[in-house]
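Input: one structure, supplied below.
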Amino acid sequence: MAIPQNIKDEMKARRRDFHKYPESGWAEFRTTAIAAEILEKIGWKVRFAKDFIDPDEVMGYNVVPQKERTRAISQGADKKTLAKIGAYTGLAATLDTGRKGPVTVFRFDIDCVETEEAHDAEHLPEREGFSSVNPGWMHACGHDGHAAVGLALAEMLMRKKDGLRGKIRLLFQPAEEGVRGGYAMAMAGVADDADYFIAMHLGLGKPTGSVSGGTGGFLCSTKFDADFRGIGAHAGGEPERGKNALLAAAAAAVNMHAISPHSGGATRVNVGVLNAGEGRNVVPPNAHMKIETRGESAELAAYVYAKAKEVIYGAAQMYDVDVSISKQGETITAESDRKLAALIMSAAEGAEGVTLLEEYRSMAGSDDACWLMRRVQEHGGLAAYVGIGASTAAGHHNNRFDFDEEAMPIALEVLLNSATLLNGTGGTPAVLDN
Amino acid sequence: MAIPQNIKDEMKARRRDFHKYPESGWAEFRTTAIAAEILEKIGWKVRFAKDFIDPDEVMGYNVVPQKERTRAISQGADKKTLAKIGAYTGLAATLDTGRKGPVTVFRFDIDCVETEEAHDAEHLPEREGFSSVNPGWMHACGHDGHAAVGLALAEMLMRKKDGLRGKIRLLFQPAEEGVRGGYAMAMAGVADDADYFIAMHLGLGKPTGSVSGGTGGFLCSTKFDADFRGIGAHAGGEPERGKNALLAAAAAAVNMHAISPHSGGATRVNVGVLNAGEGRNVVPPNAHMKIETRGESAELAAYVYAKAKEVIYGAAQMYDVDVSISKQGETITAESDRKLAALIMSAAEGAEGVTLLEEYRSMAGSDDACWLMRRVQEHGGLAAYVGIGASTAAGHHNNRFDFDEEAMPIALEVLLNSATLLNGTGGTPAVLDN
Amino acid sequence: MAIPQNIKDEMKARRRDFHKYPESGWAEFRTTAIAAEILEKIGWKVRFAKDFIDPDEVMGYNVVPQKERTRAISQGADKKTLAKIGAYTGLAATLDTGRKGPVTVFRFDIDCVETEEAHDAEHLPEREGFSSVNPGWMHACGHDGHAAVGLALAEMLMRKKDGLRGKIRLLFQPAEEGVRGGYAMAMAGVADDADYFIAMHLGLGKPTGSVSGGTGGFLCSTKFDADFRGIGAHAGGEPERGKNALLAAAAAAVNMHAISPHSGGATRVNVGVLNAGEGRNVVPPNAHMKIETRGESAELAAYVYAKAKEVIYGAAQMYDVDVSISKQGETITAESDRKLAALIMSAAEGAEGVTLLEEYRSMAGSDDACWLMRRVQEHGGLAAYVGIGASTAAGHHNNRFDFDEEAMPIALEVLLNSATLLNGTGGTPAVLDN
Amino acid sequence: MAIPQNIKDEMKARRRDFHKYPESGWAEFRTTAIAAEILEKIGWKVRFAKDFIDPDEVMGYNVVPQKERTRAISQGADKKTLAKIGAYTGLAATLDTGRKGPVTVFRFDIDCVETEEAHDAEHLPEREGFSSVNPGWMHACGHDGHAAVGLALAEMLMRKKDGLRGKIRLLFQPAEEGVRGGYAMAMAGVADDADYFIAMHLGLGKPTGSVSGGTGGFLCSTKFDADFRGIGAHAGGEPERGKNALLAAAAAAVNMHAISPHSGGATRVNVGVLNAGEGRNVVPPNAHMKIETRGESAELAAYVYAKAKEVIYGAAQMYDVDVSISKQGETITAESDRKLAALIMSAAEGAEGVTLLEEYRSMAGSDDACWLMRRVQEHGGLAAYVGIGASTAAGHHNNRFDFDEEAMPIALEVLLNSATLLNGTGGTPAVLDN
């Protein structure tokens, strides 16, 4: 099913617009507002996250919504739409064909990475005028493309509505970076009725033209902060009155990395950030660490996270300082259903630009789409995570990351064909039988 | 010698003005400009630091002068005066009586502390409208008062010029915090001709009304930074490609604090600040530490500084990262001459508001006035460091520090009387004989 | 080929004798002497290790041979045989049939573990009177059984000599624990002419009756010591004169365990032993650590060993102490040839007591038989490491380890049948063709 | 009062005998037995420690008395005397003149250091045939001389009994090393009736001929052990099943040395000994540390001991291992009474060989005689700790320590003269009046 040129052009323009105005997790007010307006305009029924997620399930929320809304307005977001969004970004949009049939849910993540984009002429987004205007924020993982593909898919599906049955739902998910938003979306039950669930990611180390129908082997990961609070004192005059939070954190960092490996599989610890102290001549009264632990399985992830907490509490005791640990994000592992992956493969066959197909692929990283995949599978549905290859200028999260925009029409066609196969009025495709 | 009320009022107003516009070490462009204008107006001969200090002797210079000058202008400094100041703040002002007699040098330090001032109504400077408008900078050590007292002393001495002989010089020294500026001033020879040298500090843990004629036992101190540079990598995907600067710094911090004490006397190590890493899921490619080492004697200070460097280099080797150490400041110890202290005591006797006199006092901290004291003593002069008690709202360097302004007239009278005794036309006071 | 009862009885008696007089690596004088006497008596041609190994290839030699020979004599070894053994234990015994045919080499390791055997009645060797009489030494890995099986195999082969062709060689290898002796044996070329090489191990977590024809996936491992030398001093009186080797070692231990995992596969670090210091009130002048590093591949093993050395040298620099690193043992990984494993499987089929057969098995541990396996394979021969299951009272290296002696006749029959298939006058078995 | 040559010769011979048979703290069975026999023979009334000390007050008792008694017998001690000694070494011997007068108590410590004596010809005790025959034990602190001087003093006093009044008591104290035995002696009240108490030490960094009448400024010290218990596991196969006691101890060691210094005065921490682990390839299940903390005052000692415990418990928590801390010894600080020191000075004046007198001296180390000094002072008596200079071949506790035996007659004469002044029938010396 060929993609019209105007749809391709619009998709590329939107991706560049999103790229220029990247928004970090839980701060995607402009992106959510723009997506909502487009979706409503073409007839999708939009529900905002604030109307279905449970604030208690939200992880890693550290924005000041008033401030971000003000910014979003200054960058073109509609004030009235923002009022409807409230404090929680993201949305779910549904197309109900009115005909009996399966429920298919697609997930697109929309947040950016917290890194400062390169601003020299060798970097294409700079050269072509759409590099980030938001300091410290950059679409360095392709979610700008995900959002644009999602909106184009919405338009194409609406055009083909008469040949479809059942319901199709598009999730525009906030805060995938740091694996924070997926959990709240899953727990809200927004995909509980799904017969089929498909998440999509561009790039992932594969060149434009390659398609992986089903991805699995995600690492379970826990993201958390440790906040040490001691007591400051004059380091020369009366050091004994201080309680040294910096040394507690330093001891915790080294000993956390010394957590024993596990015979059950790979584990990881990373103290990625440590900031401590106030002045050169003051016993440091505070220290803050950003940490992540990972494991190949839920058990391994739990093992290393539990050990890390022991180290942190022990280090705090060593220096008689207080410490609090706050979970900032968490994700599990998941596996794509082979049947659904096979269907996606058949949807990809013959799509324009597709040159390489693989049914399964193992993923070294983490994605909180796993929460949604698991939830759908637990409710009896099938789930798949499709990888759409895209040549890139640098690795994911690098400040020179940029992906080949030719991958977007491929993604769109693969998803559109998949939807047509799953929800076409012709009935359940053979590949899903037995 | 009573201080006129208008002088007292002006001194207080100036102190509050300086307090509102605090300037960190080597950034005291506004303070220097205002002092220069006042001094020149009343007849002192002003020389700016840039015309006598050797840039090679300057430690811990980390400001962008163009940027600070722009700020200073926006905060009322005169553009033409700033042009004369160049890149180095501070000045020396001389009153030559034309009469044969001794050279007496007074030193006032003028920089602020790098801390964010409290901004609630319980804090007097906030309540009375003169709290800092410069974010992250605060006069939390009383140098605003030192500058104001110095200018009032200039005025009083000029009024009494006809009863004086010899020369009097006032040093307005930059960058005492971090013990950075005193060395360059001393090495410039700006006090080499001094027969008498007097430094003054307000507060120091004593209440208003107390005066310590001579202070000694300063700790020798070295201030330095360590900058670790490793290699970032995806902490989950390929951690082995990283070189972990955070762990190198953490190991250095803990082991530096484990440097053995010395039977020769007290030593101190403080890793006051540690900032490391870029993102939670990236092997930290960088780490920066602000450190100070101290010792009761030059030998002890050298011992602990040498050990600290060994630890840092060893930690870098452990994690295969690069490290550079840069000295940011340094000071030695010094002792007040008892004779000069005794003279100051006699100058303090009968001064308004003085309730407690002590000839000698031991100081737990460091002050780079020591460089000037030693230099004067090596050239055959006498030096003293006078402590003027001032009740305070909180300890020095605390963000709620504020001192009792009633201490300023006391300081002024003690210094003025001292100058009159030393440089009065009546000849050398008996206390200095034998 | 059934094993006569008297052979079984003798094998069991010898195992118990070896168990009672365990000898640590490079100290197996009694074991070597007894084996030599038996082998020579029944007609094997014995060459002692000292006559073929190169002392420069010997790793981890830390015995005083004179002392161990004296002990061996007191425990029944023959003085004249000991004289022939010299300083290096172990031997190679050859049976040359005189008929043209392949060369088959079997390897039996003979040393014990350095652990103190349990001496209570719940421990069978104690109850039945053959627990270790050598303090701190114990056959806790089954090598007593290996030696006994090897001698029984020698006897059985000699009995069946007329049905054999080619040559058969039995290696009684010293110092497998700590992977020290295998390298010297391999480098001596003692298996270079082998067409077939078979190593055997009892136990390995499998119950009596199971046989694994080919084992692979051994971990590469490096065993090494780090010896820190500082300077002692009175810890109260003049601590600064000391150089603290204990703290250097402690810092090295923690930071060595913090070496980053590798995306290429599993790695391990273990600081197994740390002994430091002389007295409570003396700055510790010395520290000694026993360390091992492992990796799933040679590259991974090299990665972690190189990192460990960096940490050690860095820690020594931190505390200004000297350190030397000495390699005590090393082994590589190896894989059993599937063809030879298949032949062993066919040799095991129908052997008395065999209940479970598996062609391949992955090994979590290390064995320096790998040096011999690789050497044989590089010279064009086939190699296999056969696992003979044996139920055990506790895990390998535990002080309550004891294995089911019923496994010995199984081991003997499997090896005997293998030899008969390989060196039988009937020619090369079909399973090796293709 | 000149010392007869035969007394000198006998004293030297006894010192060499004690030196040859050194006995560690609480193991001084031979020394106690020999002293008891001599003292009883010349008429002193001997009470053994077991008859007055409270076992609950005994610290750091870690000998097996049966075993040590057997050794003592084999080294010449009398069996019947040993029976009277029981399990606790040490004794108190009293000479009651029958005449009314003051009670004067002298204390001599008798235990050795746990170090292996040098055994080459450069070491005088080896060359002259009286080096230690007890492996790992050595009189490296001069207590062999103390015991010999004490016995000679007993003899001289008995000879001069008719010129004396009041009572004189000699304490032969066990276990001074590790400051273990003094507390039990003091708590037993064995010096509660003392008007005068004098302890004596040879050496202390001063040459033969110097005498310090009163010593003070002893460091308060706590000696304690930390015993970490984790779980062993195969370090390659399943490291996650282990709980690493070695790493817990290593982390504790480094961080304990990082305890902040105190503005109130000097403190010390020393992890003197660390032994951990069982085998190179086993996750270390155990670690044992010998630690001492010191402070210039009781408050400082308490500060650093409390901090050390926090570090130990925190480190155990970090590695999820158990730890127990057991106090092995403890002492306080004390000051010599200046009056009694002055009397000792007058006793030393004119003594043969005395060349240098000083009334007061500050001591860098610790001695549990302080418990006795304090107890006596609390009961209204005067106490002094007299230093008798003795040139030495190497520092105290060094394995080449040996002292100039010419110091012994000086010590004897100073103590004898002191006793004569204090308990002479002539009455209280003038120096003690007012």
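By written order: A, B, C and D. Residues from 1 in each chain.
The rule is simple: contacts are C-beta pairs under 8 Å (C-beta built on N, C-alpha and C of every residue); 3 or more make two chains touch, one makes a residue touch a chain.
Chains and their UniProt names: A, B, C, D = Amidohydrolase.
Keep in mind that what you see is a predicted model, and the values were worked out from it rather than measured.
If you take chain A and chain D together, the chains in touch with both are B, C. Chain centres here are C-alpha means, and the one lying farthest from chain D is A. Averaged C-alpha coordinates give centres for chain B and chain D that are 51 Å from one another. Per-chain CA centroids place chain B at a distance of 69 Å from chain C. Taken residue by residue, chain B touches two or more other chains at 237, 239, 244, 247, 251, 254-255, 257-258, 260-261, 263, 268, 283, 364, whereas all remaining positions touch fewer. Only residues 254-255, 257-258, 260-261, 263, 266-268, 364 of chain D touch chain B when the two sit together in their complex. Chain B meets chain C in the complex at residues 237-240, 242, 244, 247, 251-252, 255, 258, 260-264, 283, 303, 307, 310-311, 313-320. Residues 113-115, 178, 219, 221, 223, 234-239, 244, 246-247, 249-251, 253-254, 257, 268, 270-284, 287, 290-292, 294, 328, 364-366, 395-397 of chain C touch chain D in their complex.
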